[in-house]
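Two complexes follow with chain A in common, the first pairing it with chain B and the second with chain C.
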Partner chain A sequence: MSQPAGLPRWIYLPAAVGVLFVALPLVAIAAKVQWPQFFSLITSESSRTALLLSLRTAAASTTLCLLLGVPMALVLARSEGWLVRLVRPFVLLPLVLPPVVGGIALLYTFGRLGLIGQYLDAAGIRIAFSTTAVVLAQTFVSLPFLVIALEGAARSAGDRYEMVATTLGARPTTVWWRVSLPLLAPGLVSGAVLAFARALGEFGATLTFAGSRQGVTRTLPLEIYLERESDADAAVALSLLLVAVGAVVVLAVGVGRLRDE
Partner chain B sequence: MSELRLRAVVADRGVDLEFSVAAGEVVAILGPNGAGKSTTLHVIAGLLRPDDGLVHVGNKVLSDTATGIFVPAHARRVGLLLQDPLLFPHLSVAANVAFAPRSRGRGRRVARQAAAHWLKQVDAAELADRRPRQLSGGQAQRVAIARALAAEPDVMLLDEPLAGLDVAAAAAIRKLLRGVLAGNGRSALMVTHDLLDVLTLADRVLVLESGHIVESGPAATVVAVPRSHFAARLAGVNVVSGTLDDGGVVRADRGARWYGRPAGDTPPQRGQPTIAVFAPAAVAVYRDPPHGSPRNTVAVTVAEIDTRASGIRIRADQQPDGAPGLAADITTDAAAELQLAPGEQVYFSVKAQEITLHPA
Partner chain C sequence: MFAAASLKSSFTEIGERFKTDNPGTSVAFSFAGSSDLVTELTNGATADVFASADTKNMDKATQAGLLAGEPVNFASNTLVIAVAAGDPKKIGSFADLNRPGLSVVVCAPQVPCGAATQRVEDATGIRLNPVSEESSVTDVLNKITSGQADAGLVYVTDARGAGDKVTTVPFPEAAGAVNTYPIAVLKRSANSEVAHKFVDLVTGEAGQKILAQAGFAKP
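What follows is the complex of A and B.
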């Protein structure tokens, strides 16, 4: 191994401590798992229901993130209007907001007495404490991840290809489908994967806004939190399952990045 | 047939100009960085709205601030070719060239035929199935030209299309452009920094400085007798401006006198603003004031010393009126003997018969 230029030797110490700090808890979970019962624990009725709900809602919210987030990212990256510049920080706010606060905010928006919810309720539509609420909560927290990843990609790509496409006679909508989106595909994939992973792990906003009804709103993280009280072994096993899903996602993105380079 | 007429004021870039390009004509735009060359192209392409002005192509109005007409860029039939070929990296070469016909709603088969046709026109038929990242710089620019032509533009705008290429590739592309640029009565406008582009491709030259046209004329004339500082520097000839007085003399603005021959076809008149033009090779360089015949001798300070294919070029400090410093081409032997360094004072001397006098 060669010494990278300009890197003092002592810097490896805090770096190694940091790696341990991240890796050790994962090892602790793996060590705690009751391996003989592992399979039966993660395939129990309630676990399966929770896992399926998690995957379904995370997929739905990722789709929603793509539908809303891609246009958002492009507008944020390309538009120079004062309104856009003003709105930008607010869009990214959920990134730093405690999820519980996000959940409360959603409750006072879409809840029965909420800003929009009261009209929806009058129309017979109830969102809070339904599976829809889970999807909305997950979308709320993961949308900024997608937008940030994609906006960065769009900014660094610039708009010169779009400019050329325009002079070749392509209408703005044609440019969007045939040039802008294909060029952003790598950023799109990593952004979507990030959003999916974040949605899968969502806990605070979901609990506050959607509650914990088995089969309806109790996603895997909620199930783990609940099991921790009654059946610690099941909680640990499910945790490891989430870690595994997360690892697959991160590796998928990482491999994609490497291939790009 | 599509004559281009332009008048444009773009306040925040300091651009205010008006010119036209005849159908089938190729006009080169010269000028220092920031002179407004690219801004001008963007106004024509519809990528920028002028604060005041109009763009006409043939009998079509593309922009007119007076009536509020602004045809969007995609509907203008104005092609744009930049230094960077900017081929769409996710499409094959053939799909890149077929992009314009497809965007205009042609079917796949027709678009593919058009792509094959235009690739053949630029001698790049064998590249059709490649990806842009598999092309050399010259090949990529060839394909970019085919892609632009496939849109069948009425006006072709080129922004330093050869600047990024090595000498051999640039020569090949230059030859290609000469063949295709002004075909079908198309008018073409080319921003360049290269004298060779001007001489081989352009019919006429516009020189822009600080957003204004400071000189325009046939390419050969501008290169031979440049009126603007930029064109003089590009053409590599010495230009001194002043006023003609008795006996064929230009009195330069700082008082030095230049004796020369009035130009044969259009001699300047007495009292008229006049320029004296002479080649750097006609300048002799001395350390001490020379004795004898040369009447045109000035003391100058050496600014730069460069090697050239023909020997050594010595460029003096800027002239008092802001014009480029006078240049002298001397042999390497002479340079070795003189032992010059920047900052030293020397005498430039030119024989009167080497200087021609033209109306400014």
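What follows is the complex of A and C.
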């Protein structure tokens, strides 16, 4: 191992402790798994239903995040208006909010007696206890991840290419599709993967806002929480499954980054 | 003291009483779901007393060799139907919960209140079709007080704790699914004399009176 310039040797010690701190709990989960039963535990009907629901809802909320988040990130990165600067902290607030608080907030917005929910309910649209509620909860918590990743990418990319395209006569919408988006593709991918991973792990807001029913609202984290009550082995096995899915997602981004470099 | 979440208000009161009766002692509680508490204890947490919301979790503690003696049953709790204040949907019986268009919330079978719900279902032959199976009785109650659901099955004591935000509908079939609360001194207790005194207070007249006020019945 070569010594990078300007890095004192002692810095490796706290760095190694940090790596251990993150890695050891994952090793502990793997060590605790009852391997002979592992496959039957993670393929039980309730586990499969929960995993499938998790993947479906996370995909839906990531799509929603892209539809709303990409325009948001671009506006935040490019616009200098006072209104935009005022709104920015609010958009990123779910990032630091405990998810259960997000769930309560959503409840009083889209719930049956909520700010918007009461009108939806009158129109015959019920969001509470539906898969839609899960997708809304996941979108609420993961949207800022996408926005912040993409906003950073947009800022560092600058707007020179857009300026050039505009002076060459391209209309704003054309510039958006042909110049802005392709330039931001790497940031877009890592932002979307982050949002997907966050949606997959969503627990607090879902539990508070959507409830828990097999096949409808009980995603994998909720299933783990419930299994822990009665069958610790199953909870551990499912936890490892979620770790594996998360690892695949993070590795995918890592590989993408390496290729960019 | 490790005590089931449903004991929070009554045990806090009993704790105050204990401090007045025994000057110089301090009482600290950790309230959580009974199965969470057992998990903590088996993983090495130290406490003086454990009070469980059901005998199943106390049995787990017994099997793990955590207890210093036999557990004593000190209270029991029954299910009731909780509905929005004033009972706008006119729910009068357990069978009414299966009326079409009604959104009902219950506890999941994995937790004690859900197991009790399942026993009522088995006894009556009525299968509920809940919109959600929550992992704690407070989650069920919240869905009622926030108006998300029309009715839910909770313990008498939880419904009483919610005050006038909910109306309760007792039903006779609940008698077949009564939850018994056991209490025991733990082996790892650093001060087992004080621990035994606390258990005596809970099982004694003064403690029983406080528990009865919260809605608990005799074991």
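Note that the second predicted complex is superposed on the first by the 261 of 261 C-alpha atoms of A that agree within 3 Å, B and C clash if a C-alpha of one lies under 4 Å from a C-alpha of the other, contacts with A are read in each partner's own complex, and residues count from 1 in each chain.
Everything below uses one rule, namely that a residue touches a chain if its C-beta (ideal position, glycine included) is under 8 Å from a C-beta of that chain, and two chains touch if they have at least 3 such contacts.
These numbers come from a predicted model, not from an experiment.
Enquirer: Which partner reaches more residues of chain A, chain B or chain C?
Expert: C
Enquirer: Is A:V179 in contact with chain B, with chain C, with both, or with neither (first, second, both, neither)?
Expert: Once the two structures are laid over each other on A, A:V179 reaches chain B alone.
Enquirer: For A:L67, decide between first (touching chain B), second (touching chain C), both and neither.
Expert: A:L67: touches no partner chain.
Enquirer: In the overlay, answer first, second, both or neither for which of chain B and chain C A:R171 touches.
Expert: First partner only.
Enquirer: Output check: A:Y161 vs chain B and chain C. Expected answer is one of first, second, both, neither. What do you get?
Expert: In the superposed model, A:Y161 contacts chain B only, not chain C.
Enquirer: Between chain B and chain C, which residues of chain A are contacted by each of them?
Expert: none
Enquirer: Inside the complex, what are the residues of chain A that reach chain B?
Expert: 160-161, 163-172, 174-175, 178-179, 182-183, 185
Enquirer: Once bound in the complex, which stretches of chain A touch chain C?
Expert: Going through chain A, the ones touching chain C are 107-108, 111-113, 128-129, 207-208, 210-214, 217-218, 222, 225-232.
Enquirer: Where on chain C does chain A make contact in their complex?
Expert: 33, 35, 39, 103, 105, 108, 110-111, 130-135, 139, 142-143, 146-149
Enquirer: What residues on chain B touch chain A, complex-wise?
Expert: 45, 47, 72-80, 82, 84, 86, 88-90, 99-100, 103-104, 147-148, 150-151
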